[in-house]
Amino acid sequence: MKRFLGFIQKEWYHIFRDRRTLLILFGMPVVQILLFGFAIKNEVKDIHIGILDHSKDVVTHRIVDKIKASGFFIIEDNLHSEKQIEAAFQSGKIKVVLVFGENFGHDLNANHLAHVQILSDASNPNVATTISNYINAILRQYQVEINETQVLPMAIKAKERMLFNPELKSVFMFVPGIMTIILMLVTAMMTSVSIAREKELGTMEVLLVSPLKPFQIIIGKVFPYIFLALSNATIILLLGIFVFGMPVNGDYFFLALETALFIIATLSLGILISTIANDQQTAMMISMGGLMLPTIILSGFIFPISSMPWLLRLLSNVIPARWFIIIIKGVLLKGVNIHFLWKETLVLAGMTIGFLFISIKRYKTRLE
Amino acid sequence: MKSKAMRTILYIIRKEFLQIFRNKSMLPIIFVLPIIQLLLLANAATFAIHNSKIEVVDYDHSQFSRHLISKFSASPFFNLAAEQPNARWAKDEILRGNTDIVMIIPADFEKNLRKENHAEVQFLVDAINGSAAGIINGYANSILFDFNKNIIAEAAAISASGQLKQIKSETSYWFNQNLDYHAFMVPGILVLLVTLIGMFLTAMNIVKEKEMGTIEQLNVTPIAKSQFIIGKLTPFWILGMLELSIGLIIAKYIFLVPFLGSLLVIYSFASIYLLVVLGIGLFVSTVTETQQQAIFVAWFFMLIFILLSGFFTLIEIMPHWAQTITLFDPIRYFVEVMRMVLLKGSGFRDLHVHFAVISAYALVVNGLAVWNYKKRV
Amino acid sequence: MGDENVIVVRDLTKKFGSFTAVDKVSFEVKKGEIFGFLGANGAGKTTTMRILTGLLHSTSGYAEVAGIDVNRNPEKVKRRIGYMSQRFSLYEDLTIRENITFYGGVYGLPRSVIRNKSDELIAKLGLEEKATSLIKSLPLGWKQKLAFSVAILHDPGIVFLDEPTSGVDPITRRQFWNMIYEAASNGVTVFITTHYLDEAEYCDRVSIMVAGRIGALNTPSGLKKEFHADSINDVFLKLARPDNI
């Protein structure tokens, strides 16, 4: 037992003396969350818009005023001719141009129909459609305004409730994702690199020859990383709660259980990788390229899975992080427990058992 | 004298290439991995919202309500997942994650519209994914609005029409008529890949020599600092340009990204950009001792640069302090250049600020890295 | 052996924080000498060598190699010296020829010279069959001998060897020392650190470092007389634990 504790102690020192790595390990998610929370937003505002107004009458001025007043747009110097449009887009100064034809006001008042063109720089498609929607909404408002004297028949009003996240804070989506990534980074990547390092330096054989049993070696190696991962994940969670007001609507105990399940899953992946790699560089590359990157891309953390082509949606089912993120979001934000999350938990548990089985088998054959 | 320095540099470059191509695990990482990532990422990276799941609760069962529901099931944005008998069950579906949005049509919907001229429809949106919820809500609202317009138009055919003043707007999307997300994302992804290669490989390569101890042998030779650095960085510069070329070919022929502008502009910018990125990798190698550290430090920088680069989100809407930070983000400049040249055909003059900034950056970063690299401790 | 001093060290000191690794060390090495620099691990041998080769700044004191002040002009010194580091100096993932070509080129040797020297070297060491194999595939002894040959490839006046025979079998060690003798007879000064005390007998003069200072400096026989010992081993023990003997 004493040997075992001594072994754990050595691993501990090894990790905690590498200040640079620790600094980045703990600092990185903090920086990420702060950035996601304060700097990176998905809203659309302060859009530079150019106006090409061939009429310059009361009506067009009124509309331009409404656009200015909406708070979404910043009016750039008015354009004078169509020829300027392309250059204006190319220089990146404006993102959208509103073109009023001649006699706009006259057409509207006399003929009850006027046309306006919205030219949108669609290099960023989402932004382009959102801008177009905003402008159309402003135009609609204006139409309601000038038609006030008429009784609008059959007006349907929509009442919406944004559940779980009324302010549409994007940080609520990112905190669970960052927690997951950190857990994976530490328990899968760092563990596999650590085991691979012992192999590379040849000290693994020394360990195997020692009275320590193989499972003791593994647990000893893995234990500090579990601690590291958990403390890191907790810090991220606390940041999310106290700095950004993320709710914890669910049960802490249940959260802990699910997290434990996920950790075991990623640990087995880490051990699996260490049985494949013979040196640190390879272990790192496999972890990065084969595990971390696909996880970041396909887990639903940043990009919505439902928008991906079917092949990628299929692939994402294989990624444990995808299921865990659903579970975490469910527990934290929706306040649900196993009753609603049994499917995801089952899948995760199944994966965990599968990985454990394979890695233990591989480990045993390597020893022989 | 000059040619002697050149010879030394060439010898170093030769050794580097021999080592790179002999390293069996390196080759797939340099060539295969980025291509896989490009394919994977370009297909996955979209913020467009498709296939949102909607469930409805229809308390009215009238012609109007069925018509409204059919508009949703016909829409390409939504999948009508199920119909629930009551609101509570529907809300549970949201809790279960089986649907993104629920529409509740109240009883007497059609009756109220015809008699009282107004009615209300309720949307419950799973807003966990912040902005996505906003977009889904926007789509739902616009489908509702279209439905509203239709029934008004039909009714107006009976009563006095043409009295409403209407403004018709026509939207045309420039540079990307199909609103193809690939056109937007792929240039950015290319930048990321080239940056990854440049920064990570350079850092790890030099740190590996430190870890192995071979760097000491190099430090004892008369190789000058500048020769060493040029010799070390050149192979990766070449590889980076090669990667860029392969990436551009894939972008053009597989993802059909438009190529409006001049490749000369892109390559000119890329050649300077790579110097910045390699310089950062070099700098990282001077402050780390092990490969693991090098990866972590490089990743830290990369992450911040990527998040602030305008790759995912608009820079204009960031708070001012964040926007100022992005001025120092080389990725931001390259992503802008790529997008503007490929999609809009922008030229040297449009981008003169970008060129100036990145050149200054290259000088500073490499100067710093060279100064920090010590042959003698 | 000539009379000029190729290495001059006076009051050389190196501190790492509060720890003094090299404490006011002074000595001279003559041209063509085989100078053994002995001492226990941590006594300061490698640190001293790294200062002399321009790899480490000294804290204070004077060091001159091949007539050049190392502190002022380390880069100039590097042209005149060869070095074999404690960890391997040859690239494991390059072949013998590729390594020779690299180092030859880096020291400014013209291509034809490199080619000739490569052929000579390979023939001399009997490595014709292995000429195109990677260093990684060679046994340790061959690596060491090869590394030494590469270290003197550019005909430096002085060569610094940092524990070159560590872990090598006795026969190979013998062969290695033959190579050292040959170099010395060609006028190359050999500055060698080792903790194989029997190798001290092969040197012209030996210095023994103890806790950062030079405990003794003399020819091998001179040392034995001075310390009334039968072997350098005993000299060492007496130096290290003066009270115990």
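A, B and C are the chain letters, set down in written order, and residue numbers restart from 1 in every chain.
Here is the rule we use: a contact is a pair of C-beta atoms (placed from the backbone, for glycine too) under 8 Å apart; a residue touches a chain by one contact, two chains touch by 3 or more.
This one's a predicted model, so the numbers in the text were calculated from it and none came from an experiment.
The minimum number of touch steps separating chain A from chain C is 2. Remark: among chain pairs B-C and A-B, A-B carries the greater number of C-beta contacts. With centres taken as mean Cα positions, chain C sits 55 Å from chain B.
With centres taken as mean Cα positions, chain B sits 12 Å from chain A. Multi-chain contact residues of chain A (touching two or more other chains): none found. Of all residues in chain B, only 25, 29, 33, 37, 40-41, 43-53, 91-92, 94-97, 100, 113-114, 117-135, 137-138, 140-142, 144-145, 147-148, 151-152, 155-156, 159, 162-177, 179-181, 183-184, 204, 208, 288, 290-293, 295-297, 299-300, 303-304, 307-308, 312-314, 316-319, 322, 325, 336, 339-340, 343-347, 350 touch chain A in the complex they form. The residues of chain C lying in touch with chain B in their complex are 53-57, 74-75, 78-79, 81, 83, 85-89, 91, 93-94, 98, 101-103, 105-108, 134. By the touch criterion stated above, chain B contacts chain C in their complex at residues 4, 7-8, 10-12, 14-15, 18-19, 22-23, 212-214, 216-217, 219-224, 375-377.
Touching chain B in their complex are the following residues of chain A: 18, 20-21, 24-25, 27-28, 31-32, 35-36, 38-48, 89-92, 108-109, 112-130, 132-133, 135-136, 139-140, 142-143, 146-147, 150-166, 168-173, 193, 280-282, 284-285, 288-289, 293-294, 297-298, 302-304, 306-309, 311-312, 326, 329-330, 333-334, 336, 340.
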